[in-house]
């Protein structure tokens, strides 16, 4: 069958986009070799696009105690709980690359409790899942539990904010039928590619 | 008892904040007569602050078919489903003011199915709640159901994006113990105040 | 729009009611300045009316260690969990008055874990919510947990019975579309009114 | 092992009870050959006892279109959903007797969708379960669905009120560890006993 | 009304069945005095029949530390959680017989937390219910909790495997509308019958 | 870190196994190039091993209208709902090979509603998920819905039985911490391997 569209909403032409957005998309394309569909799906709303990626970068690229792979673990675990195809497949690829581990994304997505992760990462994901699924019950004991694993106050914020940001992102992707690019499926699965 | 803190995380001094953030906060204060705590709680992370409010404004202040009151209805209904005290109380106040209706916020928060709203607004909130609670099941029938009530493709995006943004915002507020300002409780409750 | 009816079921004329019921309603009206709709909605079934209010008074007005405000906290927290508009709005008003605190009802309704309450009250509400939502799992550990906060056996019964009674009341109100009186929205919100 | 107590709360001596309560208990004992434990467990709170049984009788013994067996079906189905041992076993016995059917109680308790009941009774139980489990979603379509099966407005009230009353009763029994009398297990199971 | 069919799927003639299946059915009939419907419903698929009963026997009849009554408790508790009429009624009968206790099956089915069982059996059923309802969260703490009650590694496997096997069996019975035989209802209820 | 064990239970030596089991394992190894861990984990219980694989083969290898790829879709979708790492990863590999589609397994696992499948396959998976998650609500309308998509009575049985069998299998794998073999992760991902 012919390939399904990448969104239930219309996709703008890249040439018609505001300069800053077009430029960001072309930079990504140059770096990755393709344009992840999230850029195209969100580009129809330039202001939302700018805010989304500014927020994303502030959480995923900032310095801090969480490794980049750990941040992606949070995305992958919570996104499968939310049944978000785009987020699990796209960020699963990034997680494999960041962790230099071709198995980690599938493990964390399906059942992070059985994944090859450290006890500290397990505590991080337990908390992230609580934020994703029942943030209203988070209390002091959760924070001190993280502290016992060496997580600082800043780390707690980071874990929570990443889980919260993808709570939003998962919903946008599910409503828009955002389709993962073909390229993501194999990224980071063959060790030499990493 | 002494008043509890407005966040479990430290709050920066307004004087120490980057100029743009300080300026935004002072403008809000001037307009509203007080600084809603969400500004102070998020200010410790300037980049996240900027992205959060840019996103918020893009969704809540942009032109479109949804009235400002209707957008606030989405916030209030989904935020009570997520048990977010700050969001229900702060946006409940805004909803009362926008709708010029002192009862609407409590009604929509507790059980929007029993609120004094139109069938079109009921359909809007049914969809917003589905996005908030089980976005993975959203399908074509939901979109055509909204269309039957006169909602355009842009409106569908708006409803979904507002529900998604507050899925994030509710989680941030619940994890940080974000405390609603005293001022919100009475805003819009007395008709002449509107 | 014209005001919606206060019930999906017909409402009897007060003049046609049995004397004891009519008298109770007139007494309430005299004391409160209006007739709370629950009296009118239930009056069509005189025997059920009598039993309902006898039960209500036995639980809410009897002497005991729980303050009247604490009993109302149980009503407000469990009624929002059951999405009962009448009960949250009507008993929210009573709670504000009993507690002489204009903020407490909204806080307890939306997320009692974030409300300005004592640890003892938090334990009381944790238990009440368990009774409301999963009474089949209540066990000895719950009782001894309450005991550690100074609750006696009689208090445990009171908490459970109030949560149980409003499990019934919430369902009656939700099925009948029981509408909160306009008066409840503002009661207890302005301190001097208390 | 020695027989467990019939409640986690103390049971008063029948001789010490107020005259009306003692009399009601003795009447039941005479008629049934034993005192169902719910009478003894609730008797420690005379006012609540009186209200509880007045309410119960108003719903279960009043004239109306629902047969007595149908009322018991509502009790049995919703009480198993609430995992209430006392209510399922005691009212299961009454249901077997009222329906003159030794199998009906077990069928209705475990999965009423598979029970030997009429389509009208199936609709009644679907509605009763909705009242028991998610009354906040009950709407006009539910009422007209019942109407299509011949249920009047009074019948709708009866079904809802019975489900609501046992929402309370189930919680009281689960918190108090109310123990079913031995006699209930066999009542109505042997056809000639009926 | 005429008796409903024992399955929504056609039932083969016993005479037409493969010899081994026919023989097994006749043996059961001879021993029990009737053919439990599960044999007839599954016989239409001989290979599945053989595998099902081989698995069943391997779990329920093998030697081990769990008594036969305890194995049936696992079946009855988890099958009521899955609302499986056939399994609760048929295995409830077997449980009554194995335990020589006419009350135990109803107690364990409705709310095993209130049943007349030992703390060791309570721990066994807590674990079995976790396997039935959320096996993905089972972890080392569950295993060591069982160990503290004297359960060996083999026992843990047995409990889990029985709960897992009936997770399958309950689904087959619910989809096929498998009807419990009339005989099961009374088996083991009268002590002398045991 | 060293590789975690493939089960929380001890694994027997292949040389010590009964001849039929050893032979089956060696045959699989010869055909696949490795021994899927499920064979080793279950081998400690020879009778259960034999029944498990006899059942598996009866459902997955028998002739019928469901293609082998469709049967694997049922396994993959329901196993992710049950968060079973072994089943999603192992059967995901088989699904990719059977369907000659390197993307289909990830799509079906994460959110089958967004997968590149036919409407008939969507109906099949909707039903399979209902069997996996709430088989007690399956009714005639589900069967006739499948019939409208061309599924025969035999097909309905097949779908239900596969979903039921993996309800068991998922629980066994989750309790035993069954670890997917490294080989599964890449199988069927590169088209020429198919």
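Miscellaneous remarks
Every chain is named by a letter (A, B, C, D, E and F) in the order it is written, and numbering of its residues begins at 1.
Going forward, a residue touches a chain if its C-beta (ideal position, glycine included) is under 8 Å from a C-beta of that chain, and two chains touch if they have at least 3 such contacts.
Predicted model only: the values in this text are computed from it and were never measured.
Counting hops only between chains that touch, chain D reaches chain F in a minimum of 1.
The best fit of Cα atoms from chain C onto chain D calls for a rotation angle of 180°, in steps of 5. Per-chain Cα centroids separate chain A from chain C by 44 Å.
The centroid of the Cα atoms in chain A and the matching centroid in chain D are 51 Å apart.
If you average the Cα atoms of chain A and of chain F, the two centres end up 28 Å apart. With touch defined as above, residues shared between interfaces to two or more other chains in chain F number as follows: 83-84, 111, 136, 174. Contacts between chains form some other arrangement here, matching none of path, ring, star or all-to-all. Chains touching one another form the pairs A-B, A-C, A-E, A-F, B-C, B-D, B-F, C-D, C-E, D-E, D-F, E-F.
On the side of chain A, the complex with chain F involves touching residues 1, 4, 80, 83-85, 88-89, 92, 102-103, 106-107, 109-111, 114-116, 174, 177, 179, 182, 185-186, 189-190.
By the touch criterion stated above, chain B contacts chain A in their complex at residues 8-10, 45, 47-48, 50-52, 54-55, 57-59, 62, 82-84, 131-132, 135-136, 138, 140, 143, 153, 156-157, 160-161, 163-165, 167-172, 174-176. Put simply, chain A touches chain C in their complex at residues 136-137, 139. Residues 111, 113 of chain C are the ones that touch chain A when the two sit in their complex.
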